[in-house]
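Two complexes follow with chain A in common, the first pairing it with chain B and the second with chain C.
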Partner chain A sequence: MKLQEILKARGITDEQLKEVQEQDIPAAAESFQRIMDIYYLLKVTADMESAYWYNRVWWENDGDLLEVRRAKAVAASLAHSTPTILPYEKLVMNKTKHLRGAFPFPWVCASFFNSLAESLMEEAEAPAENEADSGSVVGAGGGNVTESYGEVISIAKKFGMRKEDIPVLVKVSKYWDGISVEDISTKYAKTLPGFEQFQNIMDSVLVMFDSFAIPQGREVMNYYMPLQYGFDGILELCDEKIAETMGETGGDGVLGMSRGYYYAAMKEIVKGLSQWCENYARKAEDLASREPDEAYKKNYLEIAQVMHNIAHKRPSTFREALQMTLCLHLGVVNEDPQSGQSIGRLGQVLQPFYEKDIADGTTTEEEVVELLELYRIKITCIECFASAGVSGGVLSGNTFNNLSLGGQNYDGLSAVTPLEYLIIEAGMRAQTPQPTLSILYDEKLPEDFLMKAAACTKLGMGYPAWMNNQVGMNFMLRQYDPEGMDLYDARAWCLGGCLESAPGCFLPLEYNGKVTMIPGGASPTCGTGIHFTGLPKVLELVLTNGVDKRTGKQVFPPHNKKLKIFDELLDQWKEYLDISNRIVNKVNNIQMDVWRKYNMPAVNSLLKPDCFKKGQHIGNCGARYNACINFESCGTITFINSLASLKKNVYDTKKYTLEEMTDAMLHNFGFRTAYDTGVFSPDYRESTDDAQKYAEIFADCINAPKYGNADPYADQLLRDYHMYLLHYLPTLESFFGKPEYLCQISVSTHGPQGFITLATADGRLAGTTYSDGSVSAAPGTDKNGVYALFESATVYDHSQNQNAQMNLKLHPSSVQGVQGTRKLLELVRTYMRKGGFHVQFNVVSSDILKEAQKTPDQYRDLMVRVAGFTQYWCEIGKPIQDEVIYRTEYEEV
Partner chain B sequence: MKHVECINYINLDCEKGMCALSKQIVPIDGNGSDACGHFQPAPVCGNCACFADADKHGIGTCKGFEKENWTYAKCGAFCCEHYKAARG
Partner chain C sequence: MSFCLSHGRHHHGARTAPQVDWNKCKDCHDFPCTSICPNRAPKQCVREYTSDELLQILRRDFSSWGSNGGVTFSGGDPITQHDFLIEVLKGCHKLGIHTAIETSAHFPREKFLDVMQYIDFAFIDVKNMDSEAHKAGTSVGNELILDNIRALKQSGWKGRLVLRQPTICGYNDSEENAKKLISFMKENDLFEINLLKFHRLGQTKWEQLGKTYDYATGGEMTDEAMTALQSLYLDAGIACYIGHHTSF
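Here is the complex of A and B:
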């Protein structure tokens, strides 16, 4: 019997059902609201405390073994960071002394600061105009400091730094002039035959950025070691291991001796982490000693007790365990510029602690939800200090700390825990961009859990997104089989970064008199490699004989071919792609190799299994799985649609020559470009005098077959593309000596890479964004409904790649009421059953977004899903805003 | 004396903080940035007995550790193992 028939039998009509709303969502805790009131006023701030202490201790230990020296420097930066505690907080610790704070890493990249040293000093020494100016706040876009004002200098158009910190920044940066990871790797990359080719590629923005820019992240945290042993316990283990391995090779004449040094380094980093916690305990006691209000005093003293306990012992309560995971997370993201350091399956990791506290009556569900709400603020406050290009162009200001839920447990059953319901509940009550939530959808998951998750998705924050657990597991077994991946470890996978499937493993946590197999990440970054290659730009260069017509530079050697048949065109695209990949991969390998030699992870090398077991840091392949470096694409569907148009209009119907098509694209089909108009929305068209000349060819390009309509003409091209990359990409070898694979996330790069790409044969105009994700339809081109889009998206096996990304925009009216929630879940389920890997939703009206673009101040808390992450509308760039507005809006599901 | 130089100042961002006593948000610069009668100096390098020879940018020498090194006056010293208050 169908659901409607059952309801009808019970006297419930469709109309009545539409009126039914989910239970009203309770307000977030008062503590959350008080801190968010402050959060909305915060400016993103960079300061020099951590960088100063890193630099000082690094140089004071000149001559020591590199892994130990590095660990001492990271430990010092943590242990000297001034603790900041707000009276309303229950969870504490920040990246820096500021709530939305970050700091520069000149030892990774110093050239930016050194080249600006003189102008920065001039700016720092210039007096503020007057007292009123010095206190006024300039800057737009939520917390971004886009311009200097008063005593604050804007850096990378995002971070505000106090003028008095600038001389310190300049002084610290000087130490690294010529010897930063960037400088050393560039020095050796320049010895490569073809380095000029690399420069041409990067100058054209065909490939988006260097690997050292964010060398860690796009991976999953592993919290096991400190949860199992506590910091004092790990120190004892280090001593045992040092006694066992120091001076011994263990049969490995290359890396065997490193084991003893690794354990010595781990002692240093554990001492630093422990001291960091102790500092917060001491600060809380200090505040309590001066606090007149008894309630606040009590709160400070509770914080002090928690922080003192976890500074030494393994956590003994849920609150301590959550605080410990936060400490570890912040510790890792403070040792490198990072994005996408994902939390992983936290609700499964912490379930034993939650279960015990609830059973003992030492806490309540409401208290746990409050802590989880406060946790959301802490993760939202994680900032990454990187260049303007990386911060804005790639990250849109987000740092992608993803929290996964669901999937399968060690025994192959539903992994959903009671705590995971509360994590979703906290996400519904406390609406913040981070952590974004990801459901590892599996047919075994409880229906009420899936309905709760769908109800959350409906709220319009863009989370949770939905990933196919079986597809993810299959990818793990395919990619990591040579390193011993088995079914048990495959079950432990989850999302690293916004959408980078990352390998994991289960480890036995002994707590509360029993052993629980808890999941965690088991690899280094799954997201460095050949970063964000603009596929449509490669095609453009094929049509222009290798010349970037935007800049006039010859990017690739001229092919001088007539490209008389479609396969010749495609082969040339493959040839140019290969030229790009070969040289970019070599440079990337040098960059990451220099990074791992001088800047090896310290905190993360403590946490990732099997580093501690092997006695090797992450740079030495200490982690269990290392075939994790990839090729990242951008603009897949713009590329496919362009191919379809060329195939149709040039090679099949022969209506136009390739030269005529190219000429039309070079003239932007007779329209003004986005560079001229400043409007990047794909539907904005302003004619030039040439408009009539190109009207017909433009119409034919627009009307050419498009992906997303279950039309085999276009979809077959997508399938062929995937089959080609499946076999081609493993011919590239990473710095870990492993084969590479396809990662498909656009993040925000479809904005800047669209910006540098001329008009494309699908009718997209010059400078406008590419299609987002990898299997989203190009905006406005999916005419046959969402199920046709699903047909198109699943013409190839999604488990052959790290991911596939689909973004959908639903009008809120399409999913209203409980019935709407059911529809949304069925929509997800349909896609997953067809083998789709990922789908995420914006449930928002385009009219609201347009209004928010005009009056951003009235929409400070409006969030949208971009491509794998949620961000405040006012903190993302206009090209991406335009793209989100223009996405096809489904009014019915 | 400014709020930002007081032990009761809680860091928020590059332009403001919170007073731990009043729970009010206070600016670092400009109007309203002057401290109240409860002012006590915060532990920063510039207030340490081991800090000397500051230049015009506040960069001076730290003599508190086994190895002398440079530091800067505004550097937080709450966590410094050798901080010795020079005043207050």
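Here is the complex of A and C:
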């Protein structure tokens, strides 16, 4: 073309004019679409089959050693789960007999069901809720069952249980009255001198939930053992180990003898897993025998063969290997209520299988993409049965099964595999909330891979999110150094849960005539401890002398200080935080200790290195790394901005006294409260007669320095806060006897914890959400552009903590075309270069979200990024919807 | 100032727009009305910086732009703040930051060349080759602009210059105008022009300032007419870009 010739003659190379066309995204496979058509119609279903069998076998084995008894009960719940196979499925297995099913775990937490028993049996009014539950709002659309209808009873405002299951729920729960993990730990927690303090804290929802609510998860699966040995192989290994260790201590007088019992327990759980697979094989054979259609019949027979093979042998194809990982994943999520049981770096784990099949010509890329699409449905169907405070407040209905890509391999080179391109491709074609994808961004990763990932981010599902591999590795070396973390293991880290950096290790998989070092998780949960402390609420209690004005209760002892200087205010905040942490930590330690004694992981204790090597389950520190318990914050930036406003208006300019500021906050700056109006959107303001009185103080609060503008006034406070926690938190010790550290993900607790917090000094009104994430700006307050925000976010070293969370909202027009993809990648790269740990994007216009709020039925498949996870718009609660709409929208990058 | 404080405050339920007396506002410096409204309904769009303050921000963001990044000085017309601009431009060159400008070039020769020596890339508008028509559309003739461009090329300036023409139907979309512009470009060894299809993105700004927008109707160009103009330039060996389909 002429234009190029003219430019070429002048020595100008033109890139943009080449008009690299963005590839159209092919449609998902027919099998995917057919099953999703069913999925969209399904309600979230709870049933009692697994719970019944667990309960029955547990009591049949009364008196047996606890780890064996536990493994037998878990094994029974798996082995008796009725297999369900839908036409078009190629990957099979569900948590329960329902595609989108879950079941309660009354042995962990029975009071919820026992308190419901009568009302459920009578179908009477809704029972009283606990405080955290009452602050949580579950989305009313999609698959949630928020109200009973017909033969279906709504439980926890989310799950539907058929009426005939209710008597079973009531009866099974009765067994555990007084002896569930919750009840026993509460019994001993009550002996603590500070137990009343603990209760005051929990009642105020200053701290959000108990560790037993989800004692596993926020960790990374390790699929190595069954991929390497197969179930039959592991049984043989167990026998060898029993011969070697039973009756001997190995020099450890406390735990040495339990090694033999561990292997006995592992035999039970492996038999259960194997039987579960075998049941699916038989079901598929049965369906095949009665299927007239040849294509369906063939499909059923293939399933039968895959399931029969993996019931005994190590996988010998990519499909078998993928099916095996799914089986293990579902096995683990079925042994405890949990969220964030993460898949890890699946595209690296399964690459050897993929490589062989492609080389042998036994499969094609398209077939693999189809399986990966179907895999997305399976993971999306993982539901967690917990109370509304957890499923609505924390999870927003998503269970955070995160799949990580990229990072470095064992040798310190780019770990990206060909299979990982297909995982992204499947995520682009088959758009589902789970598994969410995370890129472990490293300068060594190939550009075309990063471009593909950015092209996927652009589609607006919120995945992949971007994590900084070097920062993650540094955190591993920092936090797990005392347990022997070295550079090799550090390279194996990835995301457990939505944003919990979890330690891992590489293990040698022998397959296809060679050894591949495959990564996998190597720790228990990296996400229990003191969970979700509302930092702004602590500050509110400092201003109100320890009284929660919302409920009128005295939460902390009155400090009776005048707080004449800023440091005194800050010191009091630290003191209240410490009072809370000390007692909440003790209670949570008891909860987790009781859990690990009675309810130790069975499936997961088989998989996690080095349990099998040591002969110890996870509860006995069998895993390689155990310094994984932490303190989780919520509302960081609302807190920092509030401090900045107090510092400015009270201590620097001295324009107002602390009493005047407090008074303005208690009066919600003269606006009607969200509790009154029922509107929780942060930008909704309705004046009262007092409005004029507080107009000026409100303006000064709004105009006080805000984080996110590269303004050192506010940013320095964030830095100081981080330096303080870095040294303070390790003074808290977990039940594993290890120092704790800072985890900062709000998940969706910034909704319910904002709900219980009055107006804050930054101008946020009572009851509205906190700022999301940990380094996202409070909506509308970042006025100097995205680079200024990045500058503010990186005023401290992100590798000090398990994570830092940045949510950005981009208007779709800002990243159009291939040039737009490049811009998005440049934006990510900019932040990573500055040491930012994590950034994730909503690429959607606020107008569409507002429209979707009005007519949710027409947006059944619309997904948004909340805070570390993606969820269907219609299945998240309204306060969080409002917050996402209100986030600052960047129109240019 | 009480006027502003009492009328600037918006909240839901009272959506009547405040009446603005621009005669009072033009002498205001601290704009308290913009800080009192929590929804930022009245918003201050202009902010004063010292050259040091601005350079501080540019230096900070430099690391974020990628290899093709730089600063574009735009306006209004940045050369109206000649001294300030020179200070910032010098600072940019010291830091190794690429500089671009969008200017009318309608300034005294010396001032114009003074600025341009620190510019790596320039957009200059040539709105009409007919001076009378130019005057009718912009209130000034085109002589100074064309002379400045000539002088720039003769000064040995090494930057890249792309002419720009907002193409408005019935005003400057004639073949005759294009031919004149082509020969002007040939004479001065210019080879790039960017034709911008007429749009009304500026309309809201005029309205926000309480002024009437004169181009509310008419002037639209069709894609075909734009392409026809483009081929005139291309045939003459001039790289002609339409809209954002450019090589920069």
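We take it that the second predicted complex is superposed on the first by the 855 of 893 C-alpha atoms of A that agree within 3 Å, B and C clash if a C-alpha of one lies under 4 Å from a C-alpha of the other, contacts with A are read in each partner's own complex, and residues count from 1 in each chain.
As a working rule, a contact is a pair of C-beta atoms (placed from the backbone, for glycine too) under 8 Å apart; a residue touches a chain by one contact, two chains touch by 3 or more.
This is a predicted model, so every value here is computed, not measured.
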| item | value |
| --- | --- |
| First (chain B), second (chain C), both or neither touched by A:R833 | second |
| Contacts of A:G763 with chain B and chain C, given as first, second, both or neither | second |
| First, second, both or neither for A:A710, with chain B first and chain C second | second |
| Chain B versus chain C as contact partner of A:S771, first or second or both or neither | neither |
| Touched partner set for A:N469, first chain B, second chain C, both or neither | neither |
| Partner chain(s) touched by A:I702 [first = chain B, second = chain C, both, neither] | second |
| Chain B versus chain C as contact partner of A:E164, first or second or both or neither | first |
| First, second, both or neither for A:F790, with chain B first and chain C second | second |
| First (chain B), second (chain C), both or neither touched by A:R685 | second |
| Chain B versus chain C, judged by how many residues of chain A each one touches | B |
| Shared chain A contacts, counted only where both chain B and chain C touch the same residue | none |
| Chain A-facing residues of chain C, complex | 5, 9, 11-13, 35-40, 57, 60-61, 63-66, 191, 234-235, 237-241, 245-248 |
| Residues of chain A that touch chain B when the two form their complex | 38, 41-49, 52, 56, 60, 79-87, 97-101, 128, 131-132, 134-137, 145, 150-152, 160-162, 164-165, 167-168, 171, 275, 279, 283, 287, 290-292 |
| Chain C contact footprint on chain A (complex, rising order) | 2-3, 6-7, 10, 12, 14-17, 19, 671, 683-687, 691, 695-696, 698-699, 702-703, 710, 763, 780, 787-788, 790-791, 826, 829-830, 833-834 |
| Chain B residues touching chain A - in the complex, by the definition given at the top | 7-8, 10-16, 18, 20-21, 23, 25, 27-33, 57-59, 67, 69-72, 74-76, 78-80 |
